[in-house]
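Heads up, the next two complexes both have chain A, just with different partners, chain B and then chain C.
Up next is the complex of A and B:
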């Protein structure tokens, strides 16, 4: 993390060890009091931080450790009857084809969702930035899917994707009729299966996720854009930079921290993808033929419809390791130092 | 002084009295939230509490989709239900993790239960002990839209599967490549996998599993024919499409609300929803047969079991056992039938001729005599195997024989794994 300039003197202030001149007792007392005030402030800050910290430790960190413990045991309601299995579940994970599918799918979701959100989110934010009128309205419209419950979104999209009733296929049929009448039948597109096709199902769900979370990205990028000082653009313009060059050499580098944040947040959200997948194909969650299955959903199914809590915990630990690794790699690769 | 002593004595006396009064045993009952089921159970609890003033029963319900999750999370913490309703197919899964205990022998006699309940209920038995008892059982039958049948010039419900396919073809409508009306609301995830497993395989002359339930035996010529018939409804006869109506119970919504599905195979538990929601003339018929006339049906039930919580103190166990007996008594079953529409589980009630002649309940009651309840070891995984088998054929154009053989292999692996645990 970059250190803010005004932090520097305070934290690195050298403690004076030189003997005090006898004629300045007032000043030294004042100085000591100033120090102790800041210390006292810090102590109070820690006290206030301690409460949420304890809460966090109890509700997040302790269960996380516990789930690792559970992953080493065969599950039973009565703790005394939980048999220790060591790493047996982890060995089972390695040979579990359904887990492999869930893992590939999850990474595939991330590969589709994260770049799409970055490009679209930034693009829309830049366009919105240049719009003078109705900007708050546009912002609200783009943000509204984000505040809609995932279950409701998935349900509506499930109908839109419906082979026999959905609006997409209705549009495709209308289009095909139109171009056929114009004598351009080769332009027509047949109705698609979308969620019912094992090949199309994952991209179809990914599109819903992108659509739903785009608003969040737009707002983040808008805030980032507003933080770019006007004078850099002016200076670049005086140097003869055109609009693209200004975007490429001013906006992009200065937005780097925002982009890193956006990529990491959307990656974590996508690796945990669950709500949309569960609700969009309710009769065959994660289907058809595991085409949309994610790690989080597989874990849920194992734990709560098959009661294999131990094995599900092992999957959770795997998901944790995966997210941690991906995030660390992203931090390494993306966070370049930018000199202003 | 004396007066204040009297007051003190009165207060003491009253508090002792209250304490005696408060020596009530409270038990908690869990089931999933479904209006008529909750209503029926509320009435039963009132009756039970009147007859047993020293016992209080607290009913708690959860949405169906969160039900097992609640159970999984609460019981390990020592919270939640003493008496719990569970689908019979979950028994092995619950048993392996210790969520349900055998009914205590001091209150329940397994041999007597064998004769009092219909044979299907033995699916709640493991190693000679019952792990729960049902208030009601359910079987499958054919629901059909009489108005659509009339419009298509069909007299009555199909008696054979050949007739069924013919009728379904007449009742299917398309515009271009899209279906606007389905002759048959296919639902592999709904009752479809049960229809295939316990009805079609047996009617085609096969057996789904070995007698002890440990081996898959449907990977046979008869089994394959059954599978080809079922998937053929989509691929060959084209009277159905997967996910015609999106949603959790799309096939039922299409039949009841949207009226774009002419026939569905559904359980007796759907009677209530159809009665309440259908704004058209409808009927119920026993499931069709093949030319050989072999009848078969899938029976299932939700059973009331005891969790480890109920065994924590003897008074609680006695109260919970008493309550379990009450909700599975003949009177409770009659109430359940009237309020929920589910069939009684006691042999004495099933033989009642007035019930068998009822136009709606009749077909279900009659089929109980030839119903089979699958001995699931991991119901959701086993259901998934069948759904995937159907999907491979319909969505990926795989040859039925290959897909069916793969399903048999996958399910055998599930059975083997359960056995080893």
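Up next is the complex of A and C:
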């Protein structure tokens, strides 16, 4: 880069060495200098924030507003030829059975995944808390699925769930053979359809999500548990509280903020469920019979397979409102945090 | 708050309860790890063995890996994922810490508003942005480019939030002293601030790298040509074509999953720290 002569002094010369009029009184000079320091600080702040603010404005905020706008117009590549439809797409949403299905499924996923993660995550964290030697290793193992690509993981589970040669069904057949030979045929379990059965498909996918994201909850809860003052347990023990009472009346209330946080995070993640659903049943995404379809997947199909940009945008606005509502409700619960 | 002795270090000797905890945790370990083990072992099996329920392959073969590696663009996908994750990680480390620093260490009008604006973008789900992003990308020719793949994740708000927390812990005197010594405003950030938040940078960098590596929805939309796919997208579309060749699908999945697992076990302390920091303090 060629350097222009006036670049150098501006950036490197300290301010105090700038020539000043010899007759200026001392006090006013100090005042001016103080003022210029804070102005200078503000100018630097905005220089530092220039690119980041441009990023947020053009790539985060403008697109968010644009998706509202797109949902009110019939799509055309040329912005001048997009016709204003008002709330027509939203009215269409209300009567769209496939959307109803996607919405119900998404809420069902949340209803299965969120409580399972809460209970299992807390349970495993408490177990980890009570062991000492292998704690870091166990913690890493439980966390490891969380760092793996959900798309690839879903294929592995899809293979394990496979009806004819999947490991689950092969194991069920082997088990049934075994108990039948022992004369306990009533213990045998027939092979299951898993992902091919509209009733079992959604819980099967939900199980994969729980398996993959559980470690995150474990780590959060473990950190929360380690922040509980030990003297509370000692005091409770002196008062004669047994292990269950200590958990119920000391651990649970003190962990309330952590629990609300964990519920918010897993709810938001579940409402956006996409990767696993697409990949676990790749040839019939969201199937069978839309049994595993989520809002995010429906949006994707509308926008990028059928190119119904406007309608798909309305779906994303709905998802946004859904996530916002759920988060606000849960944050309200967080306000009632326990002080200690 | 007063420092209280926490429940961190139990003082008791192994009891029946501890033994039960070890047993349960070991059982859980089997559940957590079984899919990975099954994937790997299946990936080493020839196609005729793939439909038998034996854990270990009778004949070990590398053919599946060879096929995925050399008959697809897998090496290219790997390179793409590396490039995108590298671009975004460099940007995230620099800009998230710069913004975090500016929001805590510099005083200027509108500071709270700027923070609020950045924080508010956390509320908007990616799904809501992908359509406008795609419209924008077709308009500006960003489809099938590294910029197109990387731009959504350049300055994530959670990173700004995290780095802000770190800079808040540094004493203000440090920067005032630097200012008196004539360090430039950028130098205060670069030479005094950044070296002191290295643990935060490590956690954010690795966490962000892994998150980018695993991203699926946006790369699926923006990478139209096979040569611009990232690993998760490439593997997913390859597996879709492989139909029931589960040995190949498992090999492809293993190639997508195992490198991340290795990175995780090397850096697990920083990654888990990152989760705790965003979670508990956030």
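Criterion: the second predicted complex is superposed on the first by the 277 of 340 C-alpha atoms of A that agree within 3 Å, B and C clash if a C-alpha of one lies under 4 Å from a C-alpha of the other, contacts with A are read in each partner's own complex, and residues count from 1 in each chain.
Going forward, a contact is a pair of C-beta atoms (placed from the backbone, for glycine too) under 8 Å apart; a residue touches a chain by one contact, two chains touch by 3 or more.
None of these values were measured; they are calculated from a predicted model.
By the touch criterion defined above, A:129 lies against chain C but remains apart from chain B after alignment on the C-alpha atoms of chain A. In the superposed model, A:76 makes contact with chain B only, not with chain C. With both structures placed on the common chain, the touch criterion links A:240 to neither chain B nor chain C. Taking chain A as the reference, the larger set of touched residues comes from C, when chain B and chain C are compared.
Looking at the shared chain after the overlay, A:155 reaches both chain B and chain C. When both complexes are overlaid on chain A, the residue A:145 reaches chain C alone and has no touch with chain B. Of the two partner chains placed by the overlay, only chain B lies in contact with A:287; chain C stays clear of it. Applying the stated contact rule after C-alpha superposition, one finds that A:51 touches chain C and leaves chain B untouched. In the superposition on chain A, contact is made by A:196 with chain B only, not with chain C.
Touch criterion met: A:307 reaches chain B, while chain C stays clear of it. On chain A, the surface patch touched by chain B in one complex and by chain C in the other comprises residues 155, 159, 162, 164-165, 282-283, 303-304, 309. The touching residues of chain B, counted against chain A in their complex, run 68-69, 72, 75-76, 93-94, 96-99, 176-180, 187, 189-190, 241-248, 250, 308, 378, 380-381, 387-388, 391-392, 395-396, 421.
Contacts from chain A toward chain B in the complex involve residues 74-79, 81, 155, 158-159, 161-165, 169, 173, 190-191, 193, 195-198, 281-284, 287-290, 301, 303-307, 309.
Taken in their complex, chain A has these residues touching chain C: 11, 14, 38, 40-42, 44-46, 48-49, 51-53, 55-56, 59-64, 66-67, 70, 124, 127-132, 134, 138-145, 147-153, 155-157, 159-160, 162, 164-165, 167, 170-171, 174, 211, 214-216, 219-220, 223-231, 233, 243, 258, 261-262, 265, 268, 271-272, 274-275, 278-279, 282-283, 295-296, 299-300, 303-304, 309, 312-313, 316-317, 319-320, 323-324, 327. Residues 4-10, 17-18, 21-22, 24-25, 28-29, 31-33, 35-36, 38-39, 42, 50-51, 53, 95, 98-99, 101-102, 106-109, 111, 114, 117-118, 121, 123-136, 151-152, 154-155, 160, 182, 184-186, 189, 210, 213-214, 216-217, 221, 231-233, 235-236, 239-240, 246, 249-250, 252-253, 256-257, 260-261, 263-265, 268, 271-272, 275-276, 279-280, 282 of chain C touch chain A in their complex.
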